[in-house]
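Same chain, two partners: chain A is paired with chain B first, then with chain C.
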Partner chain A sequence: MREYEIDVIIKNKPIVKDPEGETILKDLIHKQGYDTITSARAGKLISLRVKAANGEKAKKITYDMCNELRIYNPVVHTLDIKVKGE
Partner chain B sequence: MKVAVLQFPGSNCDLDALKALRSIKVPTDLIWHREFKGGDYDGVIIPGGFAYGDYLRAGAISAHTPAIEEVKEMAAEGKPIGGICNGFQILIEAGLLPGALIENSSMKFVCKWVIVKVETDRTPFTRLLRRGQLMRMPVAHHQGNYFCKNLKELYENDQIVFRYVDERALPTESANPNGAIDNVAGVCNPEGNVVGLMPHPERASNAILSPSGTADGEIFFKSMFDYMGGRSW
Partner chain C sequence: MVNGREDVSLSESEMGYIRNAMGREPNPLELGMLDIMFSEHCSYKSSRPILKLLPGAGKRVVVGQGYDAGVMDVDDGWVVNIRMESHNHPSAIEPYNGAATGIGGIIRDVLCQGARPIALVDSLRFGPLKSARSRWLFKYVVKGIGDYGNCTGIPTVAGEVEFDESFENNCLVNVACIGLARKENLVLAKASHPGDLLILVGGSTGRDGIHGVTFASKVLTDKSEEDRPSVQIGDPFTKKRIVEGTLKAIETGYVRGLKDLGGGGLTCAASEMAAKGGCGAEIDISKMHLREEGMTPYEIMLSESQERMLFAVKDIQVTEVFDRYETPYAVVGKVTDSKYLVVKHGEKMLARVPAELLADPPTVERRAIKPLVKLEKTKGVPRKIGMLEILSSQNIASKEWVYRQYDHEVGVRTITKPGDGDSAVMMLPNEKALAIAADCNSGHAYLDPYIGGSGAVAESCRNVAATGGEPLAIVDCCNFGDPEKPELFWQFKEAVKGIADMCTGLEVPCIGGNVSFYNESSGTGKAVKPCPAVVALGLVNSLDHITPMQFQKVGDAVLILGETHRELGGSEYYRLSGIDGGEIPKIDASREKRSIDAVLSAIKSGSVSSCHDCSRGGLGVALAIMAIRGGLGATIELEKVPFKDLSFEEVLFSETHSRFILTSEEENVKALMGLLETSSVPFARIGKVSTTLTFRWQNEEHDFPIDRMTSVWENVIPKYMEGGEK
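Entry: the complex of A and B
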C-alpha cells in the first residue's frame, strides 16, 4: 500500500456566478493592467494523502468520498481530482 | 407536544428562536445536537449561526451529523421542520431541500431588514398567512444567494415559499439582498413540511425590536404550533 498525494479542486460550474472570481478579475487583475487575462474563477483546494494500491484506486477512493460526504455540491460545483504522485 | 431548537457548535440564533417560541407559549426545548432524539419532538427549528464554523461550505458538516439523520426521519413522518438562515443552509446540504445557497452576489455579509412576500400558505409555517402577504424580517448572511436549476418545477410544485420584494410587492433587483435567483428567499420540500428561509422570523418576533414596529415573524412560529395541533390563532 502506497500513499498518494491528491488535490481535490472545487469550482463553481460555468452556469453559476462566481462573484469572488469576478471581483479578482475586475478589481485586481484588470485594474492593475493585466488586460490579456480574460477570466478568473475562484475555487477551493483540499490536499489529501490517500493510502491505496495504485494511483487509480486512490483517485476512486477520493471520488467516492467526495460524493458520499458531499465535499462538493453537485448542484453548483465541479469536482476535479488530481493525483500528484506518491 | 414539543418543539426542539437544535444547537450545533456555532449556532447563535438558538436563544432568539427559543424566546420567540416560548413567548407564544409553545413548549420548546433547546437541545444540543448530540442529545437530540427526533421521537421526543413534534417539530424542529434549526436556528441560524455558523455551525462548525461554516467550514467547507455553510451547513455542509452539520448535514452529516446523527441529529440530522433524526431530522430526516421526522421530515418523512410529516413533522414540521423549519430551517432559518444557517438552518436553511443545513437543510439544503442534507438534501432535505432543493437547490444551493452560494455566496452573496455582492461578496459581502449582508445585514438588513427586508420585505418578503408569502408565495404559498400550504406549509406548516405559513398556514396562518395568506398568499401575497408581505412580511418584514431581517437578513444576516454571507451565503444566502439561492440557486437552482429547476426553478420552473419548484413553482409548479408550489415549493417557493418566500420571495424578496419592495414596498409595492414587486420582486425588483434592489429588493434582492443577495442575488438569489428570481428573488427566492425561502423554499419547501414537495410535501411542504420542510421549510427553509434566509430571513430571520425569530428576530422579527418582538414589535419593540423592529424598525417597522411590527412582529411579522411571530406568525411563522404561530403557524407551526397551529399545524401541530397546538393553540390556534
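Entry: the complex of A and C
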C-alpha cells in the first residue's frame, strides 16, 4: 500500500452556466484590461492523499467516495480525478 | 408523440384544435412552441376549471388571480404583492440550483409588477432524515434558498418544513415572495400598445432549462438524473442588478408592460403579454444575446435561462438605465396589432401563431373519483407517546437549523423573526406591519383533502391573527400526483374546494396560486401526500398589536380559546404511534372566524402578553414551545380545558382547529375574560406562567423541566445534519 496524491476537480459542465467564472471574467479580468483572455470558468479543487495498492484503485476509491457522499452532482458538474505521479 | 416526434406531448385532440385555429399544419418550431404552452405547467389545462372555485374578490384586492402576482392595498397609497410557486422537480435532481432558481423565479414574478421584493417564504417537504438522500436534498435546498436570498438582499422570514415518507423521492419546494410598491407604480404583464418596443433584459440565452416545463409535467424517472438540460443555474448577483435596474426603469415612466421569463421562456412571456393586451408581438431572434453558438430557433424560443425580463416600452431612452446597472439588454422586437406571435430571423419568417392560441389553450376535463381508501381504524389504544418523544419528532422539532442559514433581517423591516411568533411580521412604510405565515398539514390532507385545504387556510390565518394581523389574503400552492389518475385528481379537487370554502368563510380572498402535478415517482408509482400549502398575509394596523409567541412573565394567566375534541387522525401523535387512520380534525369556517375575531379583539384591547395557536402536536406542543421559547414554564390545570370525556393524551395532543392559547398579565385578566365572554367562543383560564411546565391531571402532576425539553427539541435536526446520525 502506498499513498497517492490525488486532485479532484469539480466544475460546472461546459454547457452549464457558470456565474462565478463569468463574474471573474467580466468584472475583474476585462475591467482591468486583459482583453486577450476570453473565458473564465471557476470550480473547486480538493487535494487528497489516498492509501491504495495502485493508482487505479486509489482513483476508484476517490470516485466512489465522491459519488456516495455527493461531493459533486453528476447532473451539473464534471468530476476530474487526477492521480499525481502516475 | 406527434408527427413522429417523441419530444412533443400534444394529444390528438389538441392537435386537431391547433390545426383548426391555425388553418394549417404547424411547422416544427411552431409545434415546439405550442407544445410547451399546452403543457400542464404553462396552461393549467387540468386545474383551471377547478381553480375557478377560489374566491378572488375583496375590497383591498388591487390585482387578483391570473397575473404574475396578486396585489393588495395596505393603505396610504402602498400595496403589497405576493406570489407562490413550486420548484419541486428541478430541486429533486439538483437541490442547490433547483431551489435557488425557484427563489430567483419568484422574485421576478413580484418584481415584474414594479414592486420591490421585501420578503421570502419557503414551504418545504422531504423524506425523513434517516435517509442519506433526504439529508442531501434538505441540506442543499436550504443552502440554495439561503444563498440566493442572502445574495440578493431579500430576507427569508417565514416558512415551514415537514418530513414524511411520501416525500422521499419527490421533495416539495414551494416558495413565495412578497413585494412592496406604490400603487401608482404598478405595472402589468400586458403588451397593449402596438409599436412599443420589446426589450429583453438580463442574462444571456443559453441551452439551459430547455423543456423545463414539459419536464415538470411528467413523472420523475430514474433517467431524470441525467435530464440535464432542465437544470438552470441561479445567478443572484445578476439578479440583484436586474432588481435595481428594473425598479429604476419603471420610475422613468416609459415601461408599459413587463413580464419575467420563467417556464416556457420567451415563447410564454411574449405570447401571454400579447394575448393579455389584445395585441400581437414580433420577435427577431437574430437580435438576441446568446450564450452558446449554433442555437436553433427552437432552442432560443424555448430556453429557460434564468435572470431575464421582457419589457414593453414606449421609448428606447429607458435603456440608459440598463446601461447604468450594467445589465445586458437587447431590443428583440415590437408589439403589433396583428394578434399573432411572429418569430423572425432578420427578415425570414420562422413562426406565426395566434398569441391567444398559445396563451389560452383549451382545458381538459379530468375525471375525479373518490378513492376507496382502506385506512386502518384505530385499534384499541395506540402506543402512548410522551411529551419528550413528540418534541423530538422531526416535524415538531425546532427548525432553527434551517432559518439560521437565512438572513432574515436584511432590509431592516423584520420585526418578528422566525421562531418568535406564529408569523413573521414586517414593517411597512406607513406605521403598519405585514404578518406572513405558511402552513399545510399533509397528514390531514391525506386523510381528507378537503379538510387539508381548508385547514391550511385556517391555520395560516390563525397564525397571522396570533401575531396581531387581520387576515388580508392568501395564496396557495397545490402539490399533487398525476392528474390523469382520477383518484389523485379527486384529491386536488377536494383540496381546492376546501381552500375556497374556508376563504369564503373567513372573508379572505385567494389572490393567486400555483399547481404542481406529477409529484410521484415512477419507481414506486406512489404519489406524494396531497399538499395544498398556503401562505397568508395579515395586516397589522398598529405596531402595538404585534404579539409574541413565547411566555413573557412569571405569574401571567394562561387561557385557552376554543374547545378540544377527540381528533387525533393525521396528528403527529398518531404518526409517531404508527396509525394512519382515525378521527380527523373537523373544519368549521364560522367557528374559525369567531375564534380569529375573538383573538384579534383581545389583542387590540392590549390585554394579551403572548399568543400561540394550537396546531401540529396540539395543546401540549403549543404550551411546550411557548415555554421553551420564553425560557419559562406554566402550571396548567388540564381538566379546566373545555373538552368532554377525553384522556390525558387526547387533551394534550388532539389537533382540533380554532384554538389559541393566550397569556395575560394578572391586572388585565379580568378585562380580557370580560371581552372573551362577549365573543361566543368557549374559553377557560387554565393556569399561570411559572418556571417549569407542569400539567395537573386527576390529582397527579406531570412535570417537564424547560432545559430538558429545550435540549430535546433543539437538537433533533442538528444531530442529523451535523452529527451525521444515520
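Here is the rule we use: the second predicted complex is superposed on the first by the 84 of 86 C-alpha atoms of A that agree within 3 Å, B and C clash if a C-alpha of one lies under 4 Å from a C-alpha of the other, contacts with A are read in each partner's own complex, and residues count from 1 in each chain.
Basically, a residue touches a chain if its C-beta (ideal position, glycine included) is under 8 Å from a C-beta of that chain, and two chains touch if they have at least 3 such contacts.
Predicted, not measured: the structure shown is a model, and the values here were computed from it.
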Discussion item. Quick check on the superposed pair: does A:I61 touch chain B, chain C, both, or neither? Answer first, second, both or neither.
Written reply: neither
Item to complete: Scan A:I24 for contacts with chain B and chain C and give back first, second, both or neither.
Response: neither
Worksheet item: So, A:A40: does it touch chain B (first), chain C (second), both, or neither?
Response: neither
Discussion item. So in the superposed three-chain picture, is A:V76 touching just chain B, just chain C, both, or none of them (first/second/both/neither)?
Written reply: both
Item to complete: Look at A:N12 in the shared chain and tell me whether it touches chain B only, chain C only, both, or neither; answer first, second, both or neither.
Response: both
Worksheet, complete the sentence: Shared chain A footprint, chain B vs chain C, residue numbers 12, 15-17, 19, 23, 70, 73, 75-76
Worksheet, complete the sentence: Touching chain A in the complex, chain C uses residues 93-94, 96-97, 136, 203, 206-208, 225-228, 231-238, 291-292, 305-306
Practice prompt. Mind listing the chain B positions that touch chain A in their complex?
Written response: 56-57, 60, 63-64, 93, 99-100, 102-107, 145, 147-149, 179
Fill in: Touching residues (chain side chain A, partner chain B) in the complex
12, 15-17, 19-20, 23, 69-71, 73, 75-76
Discussion item. Considering only the defined contacts, which chain A positions touch chain C in the complex?
Written reply: 12-13, 15-19, 22-23, 70, 73-76
